[in-house]
Amino acid sequence: MKKKTSKPAKIAASPALIEDLVAASRILANEGVLDGYGHISARSDQRPDHFIMSRSRAPALVTAADLMQLNPESEPLPGDERKGFIERYIHGEIYRTRPDVMAVVHSHSPSVIPFGVTRTKLRPVSHMGGFLWSGAPVWDIRKVREENDLLVRDRPLGKALAGALGSASCVLMRGHGVTVVGSSIQEAVFRAIYTEMNARVQLQSTLLEGQSSSSATTKRAPSMRQTAARWSGRGSCGARRSNS
Amino acid sequence: MKKKTSKPAKIAASPALIEDLVAASRILANEGVLDGYGHISARSDQRPDHFIMSRSRAPALVTAADLMQLNPESEPLPGDERKGFIERYIHGEIYRTRPDVMAVVHSHSPSVIPFGVTRTKLRPVSHMGGFLWSGAPVWDIRKVREENDLLVRDRPLGKALAGALGSASCVLMRGHGVTVVGSSIQEAVFRAIYTEMNARVQLQSTLLEGQSSSSATTKRAPSMRQTAARWSGRGSCGARRSNS
Amino acid sequence: MKKKTSKPAKIAASPALIEDLVAASRILANEGVLDGYGHISARSDQRPDHFIMSRSRAPALVTAADLMQLNPESEPLPGDERKGFIERYIHGEIYRTRPDVMAVVHSHSPSVIPFGVTRTKLRPVSHMGGFLWSGAPVWDIRKVREENDLLVRDRPLGKALAGALGSASCVLMRGHGVTVVGSSIQEAVFRAIYTEMNARVQLQSTLLEGQSSSSATTKRAPSMRQTAARWSGRGSCGARRSNS
Amino acid sequence: MKKKTSKPAKIAASPALIEDLVAASRILANEGVLDGYGHISARSDQRPDHFIMSRSRAPALVTAADLMQLNPESEPLPGDERKGFIERYIHGEIYRTRPDVMAVVHSHSPSVIPFGVTRTKLRPVSHMGGFLWSGAPVWDIRKVREENDLLVRDRPLGKALAGALGSASCVLMRGHGVTVVGSSIQEAVFRAIYTEMNARVQLQSTLLEGQSSSSATTKRAPSMRQTAARWSGRGSCGARRSNS
């Protein structure tokens, strides 16, 4: 018997956004970008100062019923008693600072973490990582708050992270992970997957001779309208949209 | 409700070719050679100046209904309004230049990309990669067109790539991926899989001492008549031929 | 026809502990921490000087019916004729020495083994590995018994290993594997998974420049109450608890 | 409609051996030791100068109906018109030379190949690889036959390989793969899996400092009676024996 938990009858999001967000969470888990933790959110398409995000749950298990509506302070609607992710302030403060951002992925993307604990810069080595030309700054929480557990637990920390992101597509978090943004759920999923892939390729390239410099790729990235459809064929996504 | 899209009633290809091509697309996705993007095509066995290739779709999801017939200019038949892959010109220009080529795979094969952004040459380290004795040239799109997004978007770029391929079995594309050819769908699948495997082994060999030189393997490669049958047992291929 | 093997009618453990322990074994197999060997145990929640552990069986196959109750000498109850794991003495001696430990995982965690055969110390490079601040000592069985097969086959060897663990969260075993402890099944699963992940990231970081020193992470680790629920969504766990 | 191919009504092997051999083929494919190629055989338990091996087929697809009985010359029984593996001479010549060998695995085990194209010796770094204390010689086909395609296509090449194996547990084949032997199907499966694992760990250890020397492990390896049962829980094995 499950414990009944109060939640609002409806969240301010279109059925398409809900379906895409659930699929995105499962796709990112399936691709190994999200592990048992990590999360993706989307700006509400009905109330743009709010955003939609799962309650605290394994990304591979997220369903539409798990989604919560969070206000500009990253807090749930009155009456929604479910436990949200502690790090939801990452999302809220980025949405506040970056009106162009429609979706945010925070992950422990495994191949990216080494670039957050060394001096080597993550940089595009493939056209799929072309968005990294925006830069991939490394944020060090210690510069903001000496006493910390590396988690972005409140608005001031979220604001500092958003500041470090600036106008880039992703920001690395020292000894923790990475946060990637996009102008759509599809683009955020695409970038999260190819940030991981680009990092892995860059790591491997260090084994070879004469690694090419910053001119490795052009600055124009392919357009990514169909990303979720691309990835939904890989693995057991419980919810997905038709891609015809 | 799906939007009805016009397509021709029939494409110029035998049922066997269609079945093999669909299985090949899924096999290559399953083996990690194709990610959400990338594509395989086959020269038509009924109209050899045309070739068969999926509409723009995730390789893991391709079905017979997604296949399109493309003419020598890499354009769809009149009345086929479906969106093809932008990079179909890779395929068309190779079929034009190389009458011996019956199938083409273009991928972002992850372990191969490092060899396209460094000076280290991809070379055969195992007999399964023996076809790499043909050479594995690296093509740099910038030499052809300074303003580019690394995609082969038109016939002139496709022609330049086909020129770089020459008589080899594969051509690396700097900061992008690789294109592999074969005298059959089976051989192209085999070569695409073992180009990836050979690259991974070569990368790992750099960690050891006294890596052997170009004499690593003999120049004769095993014959590969049953390749698709070999791989179809691995993973969830929706369409495959009996291999008895 | 299966051979009937005697076992006790009931073991001293709550249904919740049994369910969690079975799920944990399968989760750890699914995550690649346990291979065909390795094991997880839990201190009995009904008789704290005893512990619960599978009979000798592949971790991916463990069911509630495979669990055995072992006494403080790591021996089965009278009448239980099933074959236990040889290395159950690892568990028993740690429970004896460390009253705070409620669960123990012994594995051949693949990325951890290199740190047991070199001089490089495993150290936290991500907040998920923050528990490694407790240290990750390497135990060398040869210091205790010159004639050995690297297995902890009896109580004296188990006691020596427990001594090497001290108050840490994990102890590496030279040329063998690692043993990880936790204050709950959930925490032990979490730590086993992130010891592997942390080791992999640390290995990869050696390829980059200017690897950061021991200040890589803070000493506070995230709390891990929901670990099993987090991981149960990944893969084919035959037994799991609802996580609502 | 399948083409009817003649085969003998019965092969000289017990039901248990047949079941284990089929499971072993699928387990080794599932564990990534066998790719689309490679094979495992077992000495007949009814006619010890003969051995049992699949017809030429993907290891992941092998069923009991695919098994062939091969004579001391590695040739099929009269009337069996099915196509065998070209490299069956590896197996036949080892069975002839090594009466203690009951099963043989030939694979392109990916992490092992680097040790066949460099001067670094594969050596035990974990107790699971303790059998490598027998040595892991590298066989170079060129020393026997200058004109070759790296395949062991006939009895003389098989005999030369068996000579290089000597009394060891495995023999590497330069630029090709590895052949592993065991005193049972279970032991051969165990050794094939841990040769791959040991190679991977040794490769990774090169990234760390002060890799320990040949004293990495003791010379006694664990006994492996239950190996197939251990692995059968991992992945989709179509045929397996109960392990109770």
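Of note:
As written, the chain order gives the labels A, B, C and D, with residue 1 at the start of each chain.
We adopt the following convention: a residue touches a chain if its C-beta (ideal position, glycine included) is under 8 Å from a C-beta of that chain, and two chains touch if they have at least 3 such contacts.
The structure displayed is predicted, hence computed values, not measured ones.
With chains reduced to the mean position of their C-alpha atoms, the one farthest from chain D is A.
With rounding to the nearest 5, the Cα superposition of chain A on chain B corresponds to a rotation angle of 90 degrees.
A separation of 31 Å divides the Cα centre of chain C from that of chain D. Mean C-alpha positions place chain B and chain C at a centre distance of 44 Å.
In chain A, the residues touching two or more other chains are 207. Chain contacts here close into one cycle, and each chain has exactly two touching partners. Those residues of chain A whose C-beta lies close enough to touch chain C in the complex are 2-3, 5, 29, 35-37, 56-61, 108, 110-111, 113-115, 117-120, 142, 148-151, 174-177, 203, 206-207.
Those residues of chain C that touch chain A in the shared complex are 124-128, 130, 193, 197, 200-201, 204-205, 207-212, 216-218, 220-222, 226-227, 229-234, 242-244.
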